[in-house]
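Below you'll find a set of structures to go through.
Look for chain A in each of the two complexes below; its partner is chain B in the first and chain C in the second.
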Partner chain A sequence: MADVRHHLTLYLRLLGAQIRSQGAHRTSFILDALGSLLITAAEFAALALVLPRFGGLGGWTLGEICLLYGLAELAFVLMDILFGGFDAPNLSAHVRSGSFSTFLLRPAPLTLQVFASDFALRRIPRVLLAAAIAGYGLLHAPLAAGPETAALLTAAVLGMICFFGGLFVIGGTLTFWTVDSVEAMNVLTYGGRTLISYPMDIYSAWLRRTFTYLIPAAFLSYLPALHLLGRPLPDGLPGWAALIGPLAGPLVLAGAFAFWRVGVRHYQGTGT
Partner chain B sequence: MTTMPAPPTGGHVSRLSRLALPWAVARLGFRRQFAYPQAALWGLITNSFFGLLRVAVLLALFGTRPQVAGYTPQDAITYTGLTQAFIMAFSLFGWFDFMRVIHRGEVTADLLRPASLLGFWAAQDAGRALGQLVLRGLPMLLIFQVIWGLNWPPGPLAWAQVVLSVLLAWACGFLFRFLVNCAAFWSPDAVGFGRFAWALLGLGCGFLMPLAFFPEGFRAVLAWTPFPAMLNTTVELWVGVTGGGAAWAALGTQLGWTVALLLACQVTLRAGLRRLEVAGG
Partner chain C sequence: MIHVEHLRKTFTTRTGRFLSAGRRTHEAVRDVSFHIPRGEIVGYLGPNGAGKSTTVKILTGLLVPDSGAVSVGGLTPWQDRRRHVARLGAVFGQRTTLWWDLPVIESLRLLRHVYRIPQGRWQANLSTFTDLLDLGPFLHTPARALSLGQRMRADLAAALLHDPELLFLDEPTVGLDVVAKDRIRDFITHINREREVTVLLTTHDLGDVERLARRVLIIDHGQLLFDGDLARLQAAYGSQRELHVEFSEPVPDAGVPGLTLLNHEPGRATYAFTGAAADPIARVTAHAPVRDLTVREPDIEATIRRIYEGDLLRAGVR
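On to the complex of A and B.
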C-alpha cells in the first residue's frame, strides 16, 4: 500500500515537472492548444454542417451520432494525454537517441516513468470540446436516464481509453525493433478512432466484422450505444455482449503490457 | 539583411539559362520524393483506409438519394478519391519547411543563391508536388478506380480545364502555405499559427466535405476566401458539377487568387527579410 502511494506521489511529481516545463513558453502553448482544438472542431463542423441537408446518416440522427463521435473523441484525447509517453514517435525518439537507457538507470519503475514522460496539457481544450459533443448527444439521443445508462457509458469511455492506450503501448513497443512498421499502427489507432466515431452499420460487412471480431473495436462503444438506444445488435449477438463489451479494452491493454515487457527485455540500448 | 541578392550578372543571360536553375531545382525536388518508397507505401495504405471510411460516410449520407447538390453517389466517390490523392501533392495537412529554414537561420544560404527566394521555393515545391502526385496521387486514383470506379472528365476540353485547374490549385496552395510560413519572420511560435491555418484550409478547401453540401450562408463566406481555389474548384471541374461558361469563370477565380496571393507573398517576404537577423557563427 505504501508502495502504491509512493509511486503515485512520484508520478504526480513527474507530471508537475512536465506541467511547469510546458508552461514556460506560454504563447506557444496557447497557440498549440487552440490549433489542435481547431482541427477537431473543423472535422466535426464539416459533418454537423452537412447533416441537416441529408437529414441523418444511415438512419442515425445528429444527436445519436454526437453520442458516438463525442465519446470516441473524448476517450481518445484522454488516452492521448495519459499514454502520450508510449506514442511511437515519442518513444522511438528516446530509443534512437539512447535516452531510454536513462529511464532504466533511475530508481523508479520504468513504466511509470514512460507514463509521465509526455503529458500533453495542450490537449485539454480538445477534451472540453469532445465532452461538449458527447453532452449534446446525451441530451438529444433517445436514452433512458438511469444508473444503467451512466454505468455503461462510463465503462465505454474507460474501455476505449484502455483499448487505444493498448494500441499506443504496442506501437511504442514495436519501436524497440523497427521504426518503419509504426506507420501501420496509425491505421489502427487514428483509423480505429475515426472508424468508431460513426455508426458501424454504414460500413461494408467485412470491414465491420474485422473491427468487431478480429480487432474488438465495435465492442467498446458501438454495441453499448446500440443497446442503450434500443436497437438490435448485429450478427444476432446476444444483449449481454453489449453489457460486457467495454471489457475488451482492459483485455487489449493487458496483452499490450505483456508485449511491452518482452520488448523491454529485448532492448539493448544504442551503445552510446 | 536588407538587400535581395543580385541576379546573375553574366554578359548574356539568355531566357533559357534563367530557367535552367529553377528546372534543376524542381527536378531535384521531384527526385527527393522517391528516397523512402517504404514510407510512401505505408502512407498510401493509411490514405486508402481513411478513403474507405470517408466513402462509407458519404454513401450513408446519400442513402437512396440519386443526387444531392449536383453530386451523384459516384461523384462523391470520385470526390473522395481525388481529395485523398491530392493530400500529399497539395500538402493539405500542413507544410512547415520554409518556417524551419527561417527559424534555423538557413534562409541566409537560400538568399545567397542566384535566384529569387520565392522562385527557388516555388520550383522546389513544384517538383515535390509532382513527385508526390506520381508516388501517392496516381496509385490512390488507381485504387479507387479498381474498388469503386471513378468518374473521369468527359472530353479533351474538360481534361484541359482540369489540368489547368490542378496547376492553379497547386500555385494557390503553395503561395498560401508560403505566406503562412512567413509568420516565422515575426514569431518563434509560428508553428502554432500554422496549425490554425491548416485547420481552416481543411474545412475551407473542401477536403473534409464537398463545399456544395454546406449551408448557403457558410458557402457565401467561403467564396470570399482563397480556400476553395486550392482544391474544391478542381474537384467540381473534374466531376462536372462546374461546367460550360462557369468552368472558365472558376478558372479565372483561381487565377485571380493566385495573383493576389503572389503579391501578398512578395510584400510579406520583403518586409520579413527586412526584419531578419541571423546570428553568425
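On to the complex of A and C.
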C-alpha cells in the first residue's frame, strides 16, 4: 500500500516536472494548443454546418451524433494526454536519445516513468471543446436521465480511453523492432477514432463488422449509445452486449501491456 | 562487488529487407570473466566496438547476455532491475540524467523521490557535492544552459545522491579542459576513498586511467586481453624507454654498441633501451661529446596501442 502511494506521488511529481519543462517553451506551447484546437473545431464545424441541411445522418439527429462524436473525441484527447509517453513518435525518440535507458537505470517502475514522460497539456483546450460537444449531445439526444445512463456513458468513455491507450501502447512497443510499422498502426488508431465518432450503421457491413468483431471498437460507445437511445443492436446482438461492451477497452489494454513486456524484453536482448 | 563469469553476447543484425533479408551475427563479448572487489577503481579500456559498452550495459542491467553469470553485489542485474539500479550510479558522458529544461536543483530534488533518499541524507550529500564540485553557481540554471563541464559535475552529483555502492563512469572527462578534468578526477578519487564507492571507468582518456585506476582491464574484439596492475602492464608490454641525444657537433656515425638507434640526424640521435638509463648514457657520452640528453618514458597510450594492434599478444595473457 505504501508502495502504491509512493508510486502515485512519484508519478505526479514526474508529471509536474514534465509540465514545468513545457513552460520553458511557452510560445511553441501556445501555438500547439491553438493549432490542435483549430483542427478539432474545424472538423466539427464542417459536420455541424452540413448535417442540418440533410436533416441528420442515416436517421441520426445532430444531437445524437454530437453525443457519439463528443464522447469519442473526449476519450481520445484524454487518452492522448495520459498515454502520450507510449505514442510511437515519443517513445522511439526516447529510445534513440537514450532517455529510455535512463528510465531503466532508475529504481522506479518502467511503465510509470513512460506514462510520466509526456503529458500534453496543450491538448486541454481540445478537452473542453470535446466536452462541450458531448454536452450538447447529452442535452439534445433522447436519453433517459438516470444512473444507468450516467454509468454506461462513463464506462464508454473509460473503455475508449483504455482501448485507444492500448493501441498507443502496441504502436509504441512495435518501435522496439521497427519504426516502419508506425504508419500501419496509425491507420488503426486514428482511423478507429474517426470511425467510432459517427454512427457505425452509415458504413458498409464489412467495415462495421471488422470494427466490431475483429477490432472491438464498436463495443466501446456505439453499442451502448444504441442501447441508451432505445435502438436495436446490429446482427441480433443481445442487449447485455451493450452493457458489457465498454469492457472491451480494458481487455485490449491488458493485452497491449502483455505485448509491451515482450517488447521490453526484446529491447533488453538487443539493446538497440 | 562485481563477478563476471564467461560472459557472452552476440548481436544479430538483419541485412537487406523483406525477402532478400539475411542475418549477420557479431560477437560483441566473447567469454569475458573478471572480478572487482569493493572499493576498487578499475579502468576499462578498449577501442570503439571492442565490447566495452556491451559489458557495461549488461552490468547495469540494460542488456541481457546470451550466456555467462553476472553478480553485482549479490544480484543478477537484469533479473532484479529495480533493486540493482537502486544501488548503482551511472554517468554516461554523452547524455544526461538531468531534466533538460529544469534547473539542476529541481532534477536533484526529483531524484530524491525517485530513489527514496531520506531528506537528511539527501541534504547532507547535496551540500558535500555542492562544495566539492562547486555546483553553487549553476544550481538554479536549467541543464540545457550548462557548459559541458558544469553538466558533467551536475550529473556526477545526481549519480551519487543516493549513496550508491558502485559507480559506472563512461568518458567522464571527454571534451573538458585540463582544469575541469582535474576537478572531476579529484572528486572521483575523493568519493572512492571516503565512501568506498567501487568505480568502473570506461574511457579513451588514458590520463583518467593513470590518475584514477591502479588496475586496468583491456578488451578488444570482445575478448579480455589484459587484467592487472597498470604498472605490470607497463613493465610487461611497455615500449622501450627512449634516449634523445643532442651532440656538441655533427656525428657521422651515431651507432653505439648495445643500443638500438631509432633515428639519426647529423646533430642528434634517438636510441631505444630497456632498464636503467645510467649505462646507455655512459655509452653515448663515451661515443661522442654530448651537449644535452633526455630520457623519455614509454607512455601508456603507446603501450595500449601496441596491445590493440596485436603485435604483443592476441589470445590474451591474463
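Here is the rule we go by: the second predicted complex is superposed on the first by the 267 of 272 C-alpha atoms of A that agree within 3 Å, B and C clash if a C-alpha of one lies under 4 Å from a C-alpha of the other, contacts with A are read in each partner's own complex, and residues count from 1 in each chain.
Operating definition for what follows: a contact is a pair of C-beta atoms (placed from the backbone, for glycine too) under 8 Å apart; a residue touches a chain by one contact, two chains touch by 3 or more.
Since the model is a prediction, treat every value here as computed from it, not as a measurement.
Chemist: Return fit or clash for chain B versus chain C, each positioned on chain A through the superposition.
Modeler: Superposition result for chain B and chain C: fit.
Chemist: Per the contact definition in the header, classify A:L14: touching chain B only (first), chain C only (second), both, or neither.
Modeler: It touches chain C, and chain B stays clear.
Chemist: Could you say whether A:G98 touches chain B, chain C, both of them, or neither, answering first, second, both or neither?
Modeler: The second partner, chain C, only.
Chemist: Once the structures are superposed on A, label A:H6 by its partner contacts, choosing first (chain B), second (chain C), both or neither.
Modeler: It touches chain C, and chain B stays clear.
Chemist: First (chain B), second (chain C), both or neither: which does A:G269 touch?
Modeler: second
Chemist: So in the superposed three-chain picture, is A:P107 touching just chain B, just chain C, both, or none of them (first/second/both/neither)?
Modeler: second
Chemist: Looking only at contacts as defined up top, I'd like to know whether chain B or chain C touches more of chain A.
Modeler: B
Chemist: For the superposed three-chain arrangement, provide the angle chain B-chain A-chain C between C-alpha centres, rounded in steps of 10 degrees.
Modeler: 90
Chemist: Is A:A24 touching anything from chain B or chain C once the two structures are fitted on A? First, second, both or neither.
Modeler: Second partner only, chain C.
Chemist: After superposing the two complexes, find the smallest distance in angstrom between C-alpha atoms of chain B and C-alpha atoms of chain C.
Modeler: 11
Chemist: Enumerate the residues of chain A that count as touching chain B in its complex and touching chain C in the other.
Modeler: After superposing on chain A, chain A residues 25 contact both chain B and chain C.
Chemist: In their shared complex, at which residues does chain C touch chain A?
Modeler: 11-12, 54, 57, 60-64, 78, 81-83, 85-86, 88, 90, 92, 94-95, 97, 99-102, 106, 110, 113-116, 142
Chemist: In their complex, what parts of chain A are in touch with chain B?
Modeler: Against chain B, the touching part of chain A is residues 25, 27-28, 30-32, 34-36, 38-39, 41-43, 45-47, 49-54, 57-58, 180, 183-184, 186-187, 191, 194-195, 198-199, 202-204, 207.
Chemist: Name, in rising order, each residue of chain B that touches chain A in their complex.
Modeler: Answer in residue numbers: 38-39, 42-43, 45-46, 49-50, 52-53, 56-57, 59-63, 65, 68-69, 187-189, 191-196, 198-200, 202-203, 208-209, 213-215, 218.
Chemist: Name, in rising order, each residue of chain A that touches chain C in their complex.
Modeler: Residues 6, 9-10, 13-14, 17, 20-22, 24-25, 97-99, 101-102, 104-109, 265, 268-271.
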